[in-house]
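We call the chains A, B, C and D, going by the order they appear; numbering starts again at 1 in every chain.
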Amino acid sequence: MKGLTIKELKVGDKEDFEKTISESDVYLYAGITGDLNPAHINQREAESSIFKGRIAHGMLTAGLISAVLGMKLPGPGTIYLSQELKFLAPVRIGDTIKAEVEVIEKIEEKNRIVLNTICTNQNGELVLKGKAVVMPPK
Amino acid sequence: MKGLTIKELKVGDKEDFEKTISESDVYLYAGITGDLNPAHINQREAESSIFKGRIAHGMLTAGLISAVLGMKLPGPGTIYLSQELKFLAPVRIGDTIKAEVEVIEKIEEKNRIVLNTICTNQNGELVLKGKAVVMPPK
Amino acid sequence: MKGLTIKELKVGDKEDFEKTISESDVYLYAGITGDLNPAHINQREAESSIFKGRIAHGMLTAGLISAVLGMKLPGPGTIYLSQELKFLAPVRIGDTIKAEVEVIEKIEEKNRIVLNTICTNQNGELVLKGKAVVMPPK
Amino acid sequence: MKGLTIKELKVGDKEDFEKTISESDVYLYAGITGDLNPAHINQREAESSIFKGRIAHGMLTAGLISAVLGMKLPGPGTIYLSQELKFLAPVRIGDTIKAEVEVIEKIEEKNRIVLNTICTNQNGELVLKGKAVVMPPK
C-alpha cells in the first residue's frame, strides 16, 4: 500500500469519504479525547443550548479529512504537515458527512501539496472548510 | 456547568489536559474516522516507514486541544470557530501528551477570543502547535 | 492536577457530573465487565421483563460517582476506600443521569472524608444512593 | 435464559468470573464514566503517585462482581438491590482479577439473598471485598 507521489498528483485531483456519524462515534470520541463537554454527551443540557440537541465534536468531523488524505489522496505514506479548519455549522448525531479534498497547488521542490478540504452534510450544507498541506510519499 | 464569559477571561489565562495515548485510543480513533492508514494500525508496514513504528493520528492529538477548550477554558458553552494546526513531530503509542491553551487576544465586540494551542510530549518536545478562535459562552 | 486536601474540604461541599447514557455506553460496559445479562443487551428478552426494555448496569451508573470523586471532589490524588450502593430504580438507555457527591463528615486524624453519593435521572427520580469513604490527596 | 430462583439457591453456593484487565478496558471505562483521573490514563503522573503507575478504576473491578451475579449466580432475571465495596489494593493494567460470589443468607419471605463478594488478583491478594443483596428471578 503506497499513495501517490507528487509526480503522479495533479492540481484538480479529488477524493472523498462519507459516513453517518453515530452516537457511538461521538461517545467514543469523547472518551478518547477527554472532551466530555455537555454539548456532546448531555441531552438535557444540549436541548437548552443554541444547538437544541447533542452535536458531534468539530474535531471529529475533521478526522474524516485526515482519513481521505491518509487513505486515498495522496494515500498511505503521506505526512500531514498542517491543517486549517473553520467550523461552519453543527454536525448532529445521525448526519451523513462527506469529507472532500482537492489538490490546489503542487510545490515540487519541497515535495508538498496544498489541498482544499471541505465537509458537507446530507443536505449539501458546508459544515467545515479549510486547507491542508501534506508531503506525498516518495 | 458553564464556562467563562469573555468578561471573565484574561489574556494570559492558561489551561491544560494530559493523557497517555494508548493503542486502543489509536485503534478506536481509526475506526471512528475511517483513517486506517497503515502508519497507525499496521506495525509491519509502520516499522519500515520513516517513523519506525505505528504513530497516533495527528488529528487525534488535536482532539486534546478541543477537550481543553470545551471542558476548561473557556469551558462548556464555548463555540469552536476555527483552528490552525501544524503537526511538528510524531506521537507514538505510549506517549504522554499535554495539550495547553492560552488566551492571546480578546475581541469583545464580536465575543471572540484567540488562543495559542500547543501539544508537547513527556520529553517536552513540541508535537503540535496552532491557534484557535472560539466564542465563549454568554 | 491535584485535588483538594482534607484541610481545603468542608462539610457541605458538593460536586456533580451529568451525562446521557447511550446504547454504546451500555454495550461497551457489558463487554468490559463481561456482564452480558439479557436485561442489558437483549431487547427481545428485556421487553418481556419487569423493566419492559433494556436497562443500564447499576454498576455503570455507580461509575459516574467515581468520576465525580476522582475528577472534582476531592479530585486527582484521591484514594477510594469504600462505597455503599443502593440501586433504587432502573436507568434506561437515553436517560440523563446526574451523579452528585456531598461531604458529610471529615475524619482529620485518619485523613478520611465521608460523602453522600446519589444519582438522579432527568425527571429528578433517585436511581441510586449510598455513601463513599475516600482519602483526599495530601 | 433464566437464573436460579430462591428455592434453587443454597447457602454456600459459589460462582466466579475471571479476566485480565487490559489497557483498553481501563481507557474505555474512563470514557464511559467520565473518570479521566490521571491515576488511570496518565502514565507520567501515575508513575509519581503512591501506586507507581496507572491503575484500573476500583469501580471497574466491581463490575466483574455484577457480571457473576447477573450471568451465573443467581443469573439472568436477578434484580440488584445493593452492594457494599471495600477497595483494598490497586488493580494494575495486566492483572488477572477473579470475582467470586457466595450465597451467605436467604430471606425467602422477601425473595432476597445476601452474598459475599470478593475480587482477588493473580497472586491471590484480595483487592476488593463486600456484600451484595439481590432478588433472584421468580
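One rule holds in what follows: contacts are C-beta pairs under 8 Å (C-beta built on N, C-alpha and C of every residue); 3 or more make two chains touch, one makes a residue touch a chain.
In this text, all values refer to a predicted model and were calculated from it rather than measured experimentally.
*Asks:* Can you work out the whole-Å distance between the CA centroids of subunit A and subunit D?
*Replies:* 40
*Asks:* Report the inter-centroid distance (CA atoms only) between subunit A and subunit B in whole Å.
*Replies:* 15
*Asks:* I'd like the Å distance between the centres of subunit B and subunit C, where a centre is the mean of that chain's Cα atoms.
*Replies:* Taking the average C-alpha coordinate of subunit B and of subunit C, the gap between them is 28 Å.
*Asks:* Which positions in subunit A touch two or more other chains at once?
*Replies:* 27-28, 32, 34, 36, 38, 45
*Asks:* So how do the chains connect up here, line, ring, star, complete, or something else (other)?
*Replies:* Per interface graph, the chains form some other shape.
*Asks:* Which pairs of chains touch one another in this structure?
*Replies:* Pairs flagged as touching, ordered by label: A-B, A-C, A-D, B-D, C-D.
*Asks:* Quick one: which bits of subunit B touch subunit A in the complex? Just the residue numbers, please.
*Replies:* So the residues of subunit B touching subunit A come out as 1, 17, 19, 25, 28-29, 32-40, 45, 49-50, 57-60, 62-67, 70-71, 76-87.
*Asks:* For subunit A, which residues are in contact with subunit D within the complex?
*Replies:* 27-28, 30-32, 34, 36
*Asks:* Which residues, counting only subunit D, touch subunit B once they are in their complex?
*Replies:* For this pair, the touching residues of subunit D are 22-24, 27-28, 36, 38, 41-45, 54.
*Asks:* Touching residues of subunit C toward subunit A in the complex: what are they?
*Replies:* 18-20, 22-25, 94, 96, 122
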